[in-house]
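Once you've had a glance at the structure underneath, I'll fire off some questions.
Labels run A, B and C following the written order; every chain starts at residue 1.
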Amino acid sequence: MKPGLEKTLISLCWLSGFVLLGAVIILVGYLAYRGIPTLNRHLLFGDTPPLDAMLMKQQVFDGLFPAIVGTLALLAIAIIIAVPIGVAAGIYMAEYGRGPVKKLFSLLFDILAAIPSIVIGLCGLTVILILHNRFEGRFAPCLILSALSLAFLVMPYLIRTTQMALESVPPAIRLTAPALGSSKLQNILLVLLPSCLPEITGGIILATGRCAEDTAVIMLTGAVTSAGIPRSFLDQYEALPFYIYYISAQYSGPAELASGFGAALILLVICGLLFTLSFWLRRRLTTSLLYR
Amino acid sequence: MTIKIRTHNISFWYNDHQVLNNISIEIPEHTITAITGPSGNGKSTFLTVLNRLWEEIPGARISGLAEIELQGNFIDTCDPSLPVRQLRRRVGMVFQQPNPLPMSIRKNIVFPLTIAGKGKQKDLEKKIRNALKRALLWDEVKDRLNDDARKLSGGQQQRLCIARALVLEPSVLLLDEPTASVDPAACEGIEQLLLSLKANCTLVMVTHYLDQVRRIADTVLTMHEGQLFPQNDSAETSPCSQTEYGRGVTEPSSSTQSQTSCFPPCQAGNQKSVLPPQETVSM
Amino acid sequence: MRASRSLIEWFFFLSAALCGLLTLALFLLMFWFGLPLLGEGQTLQLFQGRWNPSQGQYSIYPMLVGSLSIALLAMLFSLPLSLGTSFLITTLAPKRLAGLLLDTIRLMSGIPTVIYGLVAVFLLVPIMRESLAKGNGMCILTAAMVLAILIAPTMIIFFVNALRSIPIHFILAADALGASRVDRLIHILLPQAWPGILTGILMGLGRALGDTMISLMLAGNALAMPQSVTDSARTLTAHIGLVIADDFESLEFRSIFACGMVLYIFTTIGAALARFLNQRLPTGS
C-alpha cells in the first residue's frame, strides 16, 4: 500500500480516537462545569430541612430528594424481581437446556434483548390500561409497573451473563463434584455458581446501572415530575432521568435549569460508580471473595 | 486372584469419532493396574467408563458392559438399582490436575460427605484424620486444617485430592496421570502412597511414565488404537510391542531398581486429560 | 433415566419459560391492540401520507422515514469512527494507551442516554442553529451526530473483540512477510473478522433504531415528512413517547402500536441476522 495512503489512514484512525475521547471529555466537562456549582443542600431538599425530609416528616417541593428516592426505590424493586428469575433462567440455559428447546429460548432471549425500551414501556402501559378498564380505574401507571417493566428490560442481560459465566467454567472444575458423587444440582449450587460469582455479580450491577439510566420505560409507566416520595407500590413517583428530560424540554428559569444539570451530575455519578464497581468485580476475580 | 472390575466389549464414541474399540478386560482386586500408551489415545476416556463420568461429557456415547464386584456379586455399573452417585462413591477418581475446591482443607475433605448427606456425623474429625493419614498428608497439614486448600504445594494438593477421594472409603480408585502435574520430588511420595493403598483398594492408574509403571504396577495394560492389551503377551505378538513405546516397557530395565526419577521417556508436557478435545469457541 | 426433578430445578426451567413466554406475549399484545387498525383495511394507509388525526390520517410513514434516516446517518458517522478507534486500540496505539482508551470507551457505554441529550441540547443545538441558519437547531443531523457518539462504544467493543480473536499465527505470518500494520489490518484482520464486525454493525444499528431519548430531545419531533437532513423529524420511538391519547379505543392510540410492531419486527430481524452471523459464518473462513 502506498505510504501516503497508509499515513492518511493511520492519521484518520488517530483522529477518530481523539474525536471520541474529545466528545466524552466535552460531555463530562460541560456537565461538571454547569452541575458542580449547583451541588448544595438546596438542590436536594429545597427549602425543607434535610432531616425532616429524610425522615419523611415534611414534603420536599423544590428538591431532587424525591427523585433520588424514586430512582433508588425503582432500582431496588426491579433488581429484586429480575435477579432470581434471570439467574435461574441462565442456569437453566447453561446446565439443563438441550437441543431445539434451548435454541428456541436462546432466540427468544436474543429478541428480548433487542427490543427497544420504549416498546417495553408501551407494553407495560398497555397492561395497566387493560387492568384499568377491567377493574374500574383502580390501576394506573405506578412504581410497581415501572419496576416490573424495567425488570423485563434487563432480564436478558442477566440471563446471558449467567449463562456465559457458567458455560465458561473450566471442565476440570465442572467434573470435580460429580466424580465425588454429587448430584447435578449440588454441583451447580455448591461449586459452579460460587466459582462464577464475580461475573454474575458484575452482571447484576451492570443491570442495575441500566435500570438507573432508563428513561423511555419509566416515561410511560409511572414517572411524573412532581409526586413526592412514593408511599406505596401503586403510587406515581419521580425519577432522576425523567426529571432531566423534562427540564431539557421545559425549564421555567435558570434555577430550574441549574437543578437539571445538578440532577444529571448526580445520575452520572451513580451510574459511573455502578459501572466501575461491575468492571472492577469482573476484572479482579479475587480468590478471597470465593473462599469460604 | 479375585477380579474386581471386568468389562465386556466396551466401545466409546465421542461425537461419532470412535475412541475405544471393544475393550474386554479384567482387573484384579487389591492391585495397581497401570494403563499406558501414547498421549491422547483414550486411556483417560476408559477411566470415565468405570465411574460413568463419561455421562457428564457432552457428545459422549458408549456401548458394552462394565461390571464391578460389590459384596460378592458383579453388578452392571449402569444397573438401575445402583444409582450413579452411589457408584461414584464406591469408585473414586483423582484427576491429572489437582483440583482442590476453593475451601479450607477441612471443608475439602468433608465435601464428599456433605453431598452424600453425611456431613454432620459424630466421628467427622476422625474421618478427616483417617483420610489425611491414608493420603500421607496428615502430618503436614494437621495444624492448618482451616487454611485455604489452594495454598498447598502441587504435590500436597494432589495428595489432598486423593484424601478427598478416600474419605468415602471407595473400593476402587481411578487415577488419571496422578503425578503428571506434580514435581519429581513430590511424585515419589505419591507413588509410596499408592502402594500403601493397595491393601484396601483396587487402583487403576493411567500413566505414561514407564519407569513409574515398572516401580509400582502389578499389571500393565497398553492402549493401542482404542484397544487394551495386557503386557503379559509375548513381545512378538503384541502389536504395540512393535512400536518404540511397547519396547520400552517389555525390555528389562538396565537402570537400578530404586529409581526416583519421574521423567517420562520421551514426550514431556504432552498431557491429555479425561476431557474431550477443546475446540476454540467463538462467542 | 433422570430422577424426578427437584423443586429448584423446576424453578430454573419455569424462569426460562416465563421469560420466553413474555417475549412472545409482548408481540401478541401489540398485535392485538394494533389489529383493528389493520383489520379495517387501513394497513396501507398506515404507510402512506401524513399523520393528521383531525383528518383521520394515521400514517406512520413520516416517522418511519425519520427513524431510518437518523439511524442510517448515525451509522454513517459512527462506523468510520468506531472502525478507526478499534484499529487504534488493537494495532496502532501503544499498549498502555490502547488499554486506557478501551477502558474509557467501556466507561462511555455506562453514560446515561438522557445525559447525552441534555448536554447536546445546550451545547450542540445552539451551534447547529447558528451554522445552519434555519430552524431551531433540532433536526435529523443533530440527532444523528449525537447518536453516532452514543452507539460508538457498543460497536467498538464488538469490533475489538472480533479483531482480537484472530489467531496470532495469521498475524505473525503477515508480519514475517514484511507487512506493515495497515497491510495487516486490510489484508488479514478485516477479511478474517468480518462476521464479528458485521454483528457489531447490526448491534449498533439496532441500538440506533431503538433509541428514544436522543431523537426525542434533539430531532425536533415535527410531524411532517422530512425533506432533508436539516429538517426536523420524528422517529417511531419518539412518536410512541409523545402520543398521549385519552381515548384508548381511538385509532390514534392504536397507531402507536403499529409503531411498536414495526420496531419489534425490525429488531427481531436484526437479532435473527446477528445470530445467523455468529453461528453459521466461522471467523477465519
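In the analysis below, contacts are C-beta pairs under 8 Å (C-beta built on N, C-alpha and C of every residue); 3 or more make two chains touch, one makes a residue touch a chain.
The structure presented is a predicted model; accordingly, all values stated were derived computationally and were not measured.
K.L.:
Is the number of contacting C-beta pairs greater for A-C or for A-B?
P.N.:
Looking at contacts between chains, A-C has the larger number.
K.L.:
Going by C-alpha centres, which chain is most central here?
P.N.:
If one averages C-alpha positions chain by chain, the most central is A.
K.L.:
Just grab the chain with the largest centre-to-centre distance to subunit B, centres being mean Cα coordinates.
P.N.:
Taking each chain's C-alpha mean as its centre, the farthest from subunit B is C.
K.L.:
For subunit B and subunit C, what's the span in angstrom between their mean Cα positions?
P.N.:
Computed value for the inter-centroid distance: 54 Å.
K.L.:
Would you mind pulling out the distance in Å between where the CA atoms of subunit A average out and where those of subunit C do?
P.N.:
18
K.L.:
Hey, how far is the Cα centre of subunit A from the one of subunit B, in Å?
P.N.:
One centre to the other, that is 48 Å.
K.L.:
Hey, what residues on subunit C touch two or more of the other chains?
P.N.:
none
K.L.:
Where does subunit B touch two or more other chains at once, residue-wise?
P.N.:
283
K.L.:
For the complex, give me every residue of subunit C touching subunit A.
P.N.:
Against subunit A, subunit C makes touches at 6, 8-9, 11-16, 18-20, 22-24, 26, 29-30, 33, 80-85, 87-89, 92-93, 101, 103-108, 110-119, 121-123, 149, 152, 180-183, 186, 206, 209-213, 216-217, 237, 240-241, 248, 256-257, 260, 263-264, 267-268, 270-272, 274-275.
K.L.:
In the complex formed with subunit C, which residues of subunit A make contact?
P.N.:
Going through subunit A, the ones touching subunit C are 1, 6, 9-10, 12-17, 19-21, 23-24, 26-27, 30-31, 34, 84-86, 88-89, 91-93, 95-97, 104-123, 126-127, 129, 133, 152, 155-156, 159, 185, 189, 209, 212-213, 215-216, 219-220, 241, 244-245, 247-249, 260-261, 264, 267-268, 271-272, 274-276, 279.
K.L.:
Which of the residues in subunit A come into contact with subunit B in the complex?
P.N.:
Answer in residue numbers: 164, 171-183, 186, 190-191, 194-195, 287, 290-292.
K.L.:
With touch defined as at the start, can you tell me which subunit B residues reach subunit A in the complex?
P.N.:
51, 53, 56, 85-86, 88-89, 92-93, 95, 97, 99, 101-104, 107, 111-112, 114-116, 148, 150, 164-165, 168, 273-275, 278, 283
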